[in-house]
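One chain, chain A, links the two complexes that follow: it is found with chain B in the first and with chain C in the second.
On to the complex of A and B.
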């Protein structure tokens, strides 16, 4: 109770501090909440940007495609590296080295290759989502106890049965966590890609508002994007909890 | 086994390069977008000096941002992690600050601080502070309670408790945070340079992409990648050394 109260107080202090601070700065640089709220209403009622739904749809589509690719490629490479020892020992370190490179390094090449439209954002979102999913599969496979596999084999389970009935349930929890992280990073990748250069999508709208110094609209669009981010993570967390309950 | 693994690694990388070279030379892909490795190697010589200067600039900004982020992340992480009430109240805020895409505030940072070094350092710091802080908070939370009770029983003051008990116990988390933080930091600096840079590797790469200079761009990408892998490996090595020593 005290904790909830303290948190509410912090949020209130931040909003009030923002309101006061913003009034002392040029309106080009900062917009107080009292200005942002009407702007947000204008954005949500589509008065400020009539084609907001179209842009949101572009972004959602990019995220969906990038995530589908990241999940399928991440699961495939994760299981390939985790189940075949030689492959894992040969390519695991290469993968780890690539993971140590800040992903944005690849973005200019992707933009050059795929152009300014959706394809480069999908490729970048895929790249960011792919690594955590692959790594989660690898970590999950390491968690499966050897005893379980031996017992399953002793009871005459074939490789496929062992995989579906023993391995997957035993690693589900870690896997679900990786899938959630993967989605979060795919979303980040698509948004970063759009802000670094695009013609459509929520990121291009943000750039547009910021470029015209429509600061209140810019903040309102950021809030809309954050809602999108939080919503996608909420769905992923729901799935994660389901998986946790099912595996227990 | 190890020899076989090494061989597989070398053969795979060589095979990728050879196939790539053949595909590019045969004209199956547009060389304007996917240049052959040999063309990239030649471009490396041409673009090398400019790229190295850009890389130096980027690494300098990264170093400044990194030092600030480590000091802030470790300091705040220990403070918030060790005071129960602070931790309970602030935890969701720190997680939120870690989780939200920082790129959304980048335009605003640029508006406030203009182009150049300041936004890059600021954004790099912003990127790296929260992951370090979260890891350190977790490390402090997991410090063995009996250690603290025993130290208190022997009359350790608050200062001694932090310096002699908590700090040594969180060293592994700090090191993990530092390893994670450097990649976040470099990422942040590069993003700012790409978005609104006037110098630095991100700017160089953005300019090469906009100029459709694929071989030079690939060469520059390889250079930054090699640099960041080298930095992370060095931190890993240091980490290893320190854990032996402890």
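On to the complex of A and C.
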């Protein structure tokens, strides 16, 4: 209860602060909530952007494909590097070095290579989602107690049984955390990619509104994006909590 | 009187490579364990007791010599013949007590209903029935170790290996667990190989005790304990036995301490 109140209080304070601040600035550069709310209504009723659903669908599709690729590649490379020592020692450091490079520097070359359409957004979303998943698998594997593996062996478990019945459950919590982070970053990658240059998707609408100084519409679109991201993260967090309850 | 030899350890040696060079864990160890025996291995820390047990369980391979169970050389873990209890219970934290006990049966491919029935039956006499649905983190150290023992007993093997199973427990719990284990052993007539640091456990439980030397581990002496159970710790022959064992182990422990410092 107290927490909910505190949360409501800070949101209210921010909105009021925003309203006051925005009134002192040119309406071209900043729109106060009293202007954004009607704009948001216009966006949601599809008056402002009649083809909003199509753009959202494009974005959702890009995210889904990028995430599916990031999960499969991330799990594969994570388990390959974590379970095979030689591979891990050969390629682990390269992976860590690549992860340290701010990923956005790759985006121009992705656009040149994959073009302005969906493919470059998918590639960028994949790139951002891939690393946290791989690293979570590696961290999860390190977490598995060697003693539990010995116990499994003593009870007759072969490599496959050990993997399914011991390793996966033991690392599940870390793995779920990595998958959640991976999803969040894939979403970021796709939307940033769209904003930086695209012909379709929510990011392209944001860029369009922003370029035309339709500031209120621009903010309304950002809010829509925010809601979608929060919703997808809420689903992921639910999955993560179940994993935690199960594995702790 | 003479029961057949079930486990034979023949001239076994083991050397570990560590960063500071090679360490001889075991040197030319030979043992024979009769069927139905409660065979205790006792010796100073680091004398290779656990290594020896791991070899009998098929979890480690000797560098020289061989280990035979029922006449056949041990090459890998065989949960149809040998069950192991470790010092760290090693319960799976995501499984309930009952599901932990079922683990070995599940690996055998036993049907869910049947393995559940067997596991539930085992938990009863261990005083764990009310805790069947609890997770390991909700259990005390003694209870966890009882679950681990139940998990081993569920395999219903002829041989049970126990590597300091009560080593992490407090003295009182330890004594009670010992009494409880003795009762199970007398009822089931399994062959138990028991590793311990505790003289008290050794004299209270064993039919035979092997004292090991400081590293590299060798068998220093083997003692028969043909006494009735339950044994009164203050009985003169038990007191004398304990003193004799302590004399042997003290010397080895002093050597072990001298070498490690």
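In this text, the second predicted complex is superposed on the first by the 240 of 248 C-alpha atoms of A that agree within 3 Å, B and C clash if a C-alpha of one lies under 4 Å from a C-alpha of the other, contacts with A are read in each partner's own complex, and residues count from 1 in each chain.
Following the convention adopted for this analysis, a residue touches a chain if its C-beta (ideal position, glycine included) is under 8 Å from a C-beta of that chain, and two chains touch if they have at least 3 such contacts.
Treat the numbers as computed from the prediction; the structure is a model and nothing was measured.
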Can A:154 be said to touch chain B (first), chain C (second), both, or neither? second
Where does A:1 make contact in the superposed view: on chain B (first), on chain C (second), on both, or on neither? neither
Scan A:225 for contacts with chain B and chain C and give back first, second, both or neither. first
According to the stated criteria, A:192 is in contact with first (chain B), second (chain C), both, or neither; which is it? first
So in the superposed three-chain picture, is A:169 touching just chain B, just chain C, both, or none of them (first/second/both/neither)? second
Per-residue contact with chain A, leading partner among chain C and chain B: B
Just to be sure I follow: which residues of chain A are touched by chain B in one complex and then by chain C in the other one? none
Mind pulling up the chain A residues that touch chain B in the complex? 3, 6-7, 10, 28-29, 86, 89-91, 93-94, 97-98, 100-109, 111-113, 184, 187-188, 191-192, 195-196, 206-207, 210, 213, 215, 218-219, 222, 225-226, 229, 233
Sites on chain B touched by chain A in the complex: 1, 4-5, 8-9, 12-13, 33-34, 85, 88-90, 92-93, 99-101, 103-108, 111-112, 183-184, 186-187, 190-191, 194-195, 202, 205-206, 208-209, 212, 214, 217-218, 221, 224-225, 228-229, 232-233
Quick check on the complex: what are the chain A residues that touch chain C? 145, 147-148, 150-151, 153-157, 161, 165-166, 169-170, 172, 246-248
For the chain C and chain A complex, residues of the former touching the latter: 57-59, 77-80, 83-84, 86, 88, 90, 92-94, 103-104, 106-108, 137, 151, 155
